[in-house]
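Given below, in the form of structure tokens, are the structures.
Okay, so chain A shows up in both of these, paired with chain B first and chain C after.
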Partner chain A sequence: MKLLRIKAIAKKELVQIWRDPLSLAMAFLLPVILLFIFGYAITLDVNNLSTVVYDLDKSGMSRELTAELRESGYFTIIDNVDAHGAIDEYLDSGKARVAITIPKDFSKDIKKGGPAQLQVIVDGSDSNTATIALGYITAATELYARRMNGNHIKSLIDPRVRVWYNPELKSKNFIIPGLIAVIMSIIAAILTSLTFAREWERGTMEQLISTPVKTPELIMGKLIPYFLIGFLDVVVSVFIGVFLFGVPLRGNVFLLMTLSSIFLFGGLSFGILISIVAKSQIVASQVAMVASYLPAFLLSGFMFSIFNMPKPLQIMTHIIPARYFVSILKGIFMKGSTFRFLALETFLLSVFGLIVFALANGKFKKKVE
Partner chain B sequence: MPEAVRVEGLTRRFGDFTAVDNISLAIGKGEIFGFLGPNGAGKSTTIKMLCGLLQPTGGKGFVGGNDIMTESEEIKKHIGYMSQKFSLYDDLTVEENINFFSGIYKVSREKKRGRMEWVLEMSGLKDRRNSVTKTLPGGFKQRLALGCAILHEPPILFLDEPTSGVDPISRRNFWDLIYEMARKGTTIFVTTHYMDEADYCDRLALIYRGRVIAEGTPGEMRQKYMKRDVLEIEVDRLVAALEAVYKNGIETAIFGSLLHATVDNAEQDIPRIEALLKEEGIAVNRIEKIMPSLEDVFVTLIEVA
Partner chain C sequence: MFERIRHMIIKEFIQVFRDRRMKAVIFVVPLIQLMVFGYAVTMDVNSIPTAVYDLDKSYESRELLRRLESSGYFDILYFVESPEAIKELLDKGKVIIAIQMDRGFSADIKKGMKTEVQILLDGTDSNTATIAMNYASRVVAKYAADIGMKHLSSFPALLDVRTRAWYNPDLKSRNYNVPGVIALMIMLICLLLTSMAIVREREIGTMEQLMVTPIKPIEFILGKTIPFALIGFFDMFLVAVVGLSWFNIPIRGSIPLLTLSTAIYLLSVLGIGLFISTISKTQQQALMATFLFFAPAVLLSGFMFPIENMPEIIQYGTYLNPLRYFLVILRGIFLKGNGINILWPQMAALLALGITVITISSLRFTKRLG
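On to the complex of A and B.
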């Protein structure tokens, strides 16, 4: 490989990117936009659940329970209704997600020593939210019951639970690092997916392959400028994650950037491989989008835990580089992991990158067909 | 004369279609070799095989001493190639394009500046070195493309329809450049479908439907393949005259505002055609035997083929 040629190609690509507003926007705006959209849209925390209360008891105790729920912060009581029909109306229209009915004898039953009944209806059409809401209600009523009882019921087992790495269990703390991994998978593949296809389409490739330029020189020359862009994108994404979303970055920034670079090498090479095989910009960008987005989103462990997947899918996740990058980013962000704990992921990412780079080299032919 | 290019039985098939059919060529060093033929005859396919851009289906040969079947990358080091379609970077400036190809061809640091100035000079783009290539007129683009293809001073140059779509003055200038390079020892293989350009070449081959149907110097082509006479006829009704003559089994074609008829013997056939046209009520202003142009030769050859 000759440095002079690689330099000439890299420089030419940079000038071309710089002169094309669309590719500039794609390189720098797209990751930021994606991060904001997904960063705000994807949250597994449930706050301010719209709730209606049908209080038949109308006692001090029932009002106290209502206040307890409201103050937890998880429920927003949007109305107090006085008929069952109204509850149906609220839930059917989707205006409320939770309906709580406090029966007539609620306070009487408590004073008798219980158990007092409480009817809770949860909109199960969003089952994830429903499960979480039920958990909150159970916890809130439990707390209330204990206080009513003067706290003198002792459990036989008193678990002292401590949550490590994300003590407040804030979902954004693990969503944002995972999201950066997913977005970078998409961006890396899309960035380079156009490079070879564009030259074939514009006819400039014919000139280029008539020269003595070697395939690895061509691929390296095209990788370098996009690597710089990808690197900047990671820096910007991490910056946004830390300073705008307030995600703590516990690990070493240098390690984070080094491992991101290894991931970028594979991701960008993957885009180049697609570009070489597809030979058309439209096909290449669409293949790159689907082939990077779907596995990164579904099989990387970002959205769905890998150990809950059926066995064949679990095996498949091993060939998805985003899987390793998600663990790396989550590890460095949340656990402050050092390289010792990420060595396997790093090794596998490197192997993936080298294989894809070699494939791209093998697939490119300096011939017209 | 040592040979720059020699191929034998060169063949390229695309599925059932044989684009180039068993072609043999030998081109001497420093020669301007014209490869002529109508569109789709196989000119570009041949040139791409010679440049190592397309794998031949069959045949053997050497370009600059390297095997066309197995050493295409070696060939690429010693040739310059200018494709039919403009293939520099439209969104780069003139200088950026030159710099890019300088880098690709590994032009040494000492030479780089000089080569850049040379290309700017020969393409007449000294004042537009910072213009984006997209904005240049066709003739300038063509010369810039030529300049970029010969930055590394290759001994053999392949030009695929270099003057198509360029105005006549630019075409003339372009041929001046080609002459200049040939004079300095560069071998030039040029395809064209402009028959008037054939006369600029040292030697010619005519390709038609994938086969070379004639070969020789322009002079040889006229003598060897034109045993019959060409008559130039000036009439008042061109198309009617064409139909009348053609109907009587005489090969005729329209050349501008004139008719060219190819006959076995001028002395006998002039009176015959005159009579024939008079019968149709067409006035003949002039009819005479002329020196056949290469175009006449090719039209005849293609009709025979």
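On to the complex of A and C.
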């Protein structure tokens, strides 16, 4: 490898990037938009569940129960209905997600010492929200029952719960670090996936081939400018996460940047590999989108816990570099992990980068078909 | 006119499928998405990796552990002998939850005194942690109530809560996600194909050749969008059939209605693709612009994150998102068996949006061409 030739290619690529300010602007806009959506717009916490109540009892006790639900903050009671048919309509149209029916003898049964029945219907089509809603209802009714019971029972066991790393259980704190990994995977693949395909399509590849530049030099030269953009994206993302969203950064910033660079190298090489194999920009873009956003978003443990997946899929996640980068980022941000804890992840990321780079090297044929 | 459009469509198909790899993309990309969404995306939390530090080693402590394990939510992977070991396991992320029972746990219970269970959680994933915490507290509370009952023998169950989940009784995430994949995939494939195919003509320089033919802009637009609409339909049926047969997703509504809704949805998608092609000079720009639209559109559609939890301003913004309406329609048809009598507002909104988008884009496109 000759440094001079790498420099020349990198310079040419930089000029090309510079001449396309729209793409460059979008490369910086994309992480910012994603961070803002996840920081402000999206939350996994469920509240304001639209609820209808069908109260056949119409007693002080039934009203108290409804008030209990309302005050929990999780349920917004949008209507009191007077017929079963109305419940069907509310759930069918999706206007309500929860329907609570309080039967006629509700208060009588409670006064008798129970058990009084309570019917709860949830819209199960969004299973996640439904599961959480059921949990809330159970908690709220347990509270109600305990109050009605007076202090007859004392609980013998007192569970002392402590939450480490994220004591207030803010979803933002775990989403933002993971999101940086997702953004980097996507950006890296999108940036480089068209670089080789474009040259083939436009016919400029023949000119490049006729120069004495060697394959690894060509790949390296094309990689460097995009590496700079990607690295700036990391800096911007970390900055927004820490200063705008107040995500704690407990670990070492230099460690974070070094490991991000290793990940970027792998991600960019992967994009180049796609570009070399696909040869046409349309094919490359489709492959890059699916090969980057899907695994990074869904199989990295960023939001969906890996231990919940079926075994074959769990095994598959081991070859997804975003998985290791997500745990690195979460570790450095929230646990203040040092290199000792992240050594294995770092090693695997490096191996991935080198293998992909070597593959790209091998797949590139320096001749015209 | 139809003759010219027909030729244009034929040319487009030849161009798309000349590349062997493109055929694979149209088949494989939707199926990969379907498989990943069908299997990986679940918010259901179970088999949470758990560590136990039992200093009491009594019948009572083992009984509580047995209950935790048989609840199905916890997988006790480690029995440790020191608090340092717990810290190490949590730091390394090997377990999410650690349960500690101190010496005297059983003695206290037998004396009828209040005792403690320590529950340590890794809060990095706050969603899982919250759910794990609730499950653990519930198991402990149930155990406490059971032994409390033995002691006091008069704890009546006051409330009998009967819960039912409609439309998806087992609360399977898959039933919710797979219909959504149809919307997602049509958008991704059709947006990219439309915008890039048009920009490519410009980038390679074949646009000039097309311009000197007698083809009119409207014919060009139709010729460029119809092939991708057909690919969109094909992929819709592919995902629906595989979803039904492989994942056993119910389809309770009518298939003609599904087809009609897809056609209306495609208006918006192709319109946006056309619009992106008018603002991009290179395929690189088209790709980035597509993703810049696609990512927020998916995240703010209710596909995974309920719209009612978003800030109000953004909730209003989602009314401009075609995905939002199509998701309600898809889930309504698949899971609830809704008919047009319930879905018409969504379909009307989608149609209005589609006509607006495609008109604006066509006008812009014609102007740019002229």
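Quick note on the criterion: the second predicted complex is superposed on the first by the 330 of 369 C-alpha atoms of A that agree within 3 Å, B and C clash if a C-alpha of one lies under 4 Å from a C-alpha of the other, contacts with A are read in each partner's own complex, and residues count from 1 in each chain.
Basically, a residue touches a chain if its C-beta (ideal position, glycine included) is under 8 Å from a C-beta of that chain, and two chains touch if they have at least 3 such contacts.
This is a predicted model, so every value here is computed, not measured.
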With everything superposed onto chain A, say whether chain B and chain C fit together or clash. fit
For A:173 in the superposed arrangement: first (chain B), second (chain C), both or neither? second
Which touches a greater number of chain A residues, chain B or chain C? C
Examine A:120 and indicate which partner it touches, taking first as chain B and second as chain C; both and neither are also allowed. second
Answer with first, second, both or neither: which of chain B and chain C does A:202 touch in the superposed model? both
First, second, both or neither for A:311, with chain B first and chain C second: neither
Is A:341 touching the first partner chain B, the second partner chain C, both, or neither of them? second
Given the touch rule stated above, what does A:20 touch, chain B (first), chain C (second), both, or neither? both
In the overlay, answer first, second, both or neither for which of chain B and chain C A:8 touches. first
Between chain B and chain C, what minimal C-alpha to C-alpha distance in angstrom results from the superposition? 12
Considering only the contact definition stated at the top, list the common interface residues of chain A for chain B and chain C. 20, 202
Any idea which chain A residues touch chain B in the complex? 2, 4-5, 7-9, 11-12, 15-16, 19-20, 202-214, 366-369
Can you list the chain A residues touching chain C in their complex? 20, 22-23, 26-27, 29-30, 33-34, 37-38, 40-48, 50, 91-94, 110, 113-132, 134-135, 137-139, 141-142, 144-145, 148-149, 152-167, 169-171, 173-174, 186, 190, 193-194, 198, 201-202, 278-283, 285-290, 293-295, 298-299, 303-305, 307-310, 313, 327, 330-331, 334-335, 337, 341
Complex interface listing, chain C residues touching chain A: 16, 19, 21-22, 25, 29, 32-33, 36-37, 39-49, 90-93, 109, 112-131, 133-134, 136-138, 140-141, 143-145, 147-148, 151-152, 154-173, 175-176, 188-189, 192-193, 196-197, 200, 203-204, 280-285, 287-289, 291-292, 295-296, 299-300, 305-306, 308-311, 314, 328, 331-332, 335-336, 338, 342
Footprint of chain A on chain B - complex, ascending: 48, 51-55, 72-73, 76-77, 79, 81, 83, 85-92, 96, 99-106, 132, 145, 148-149
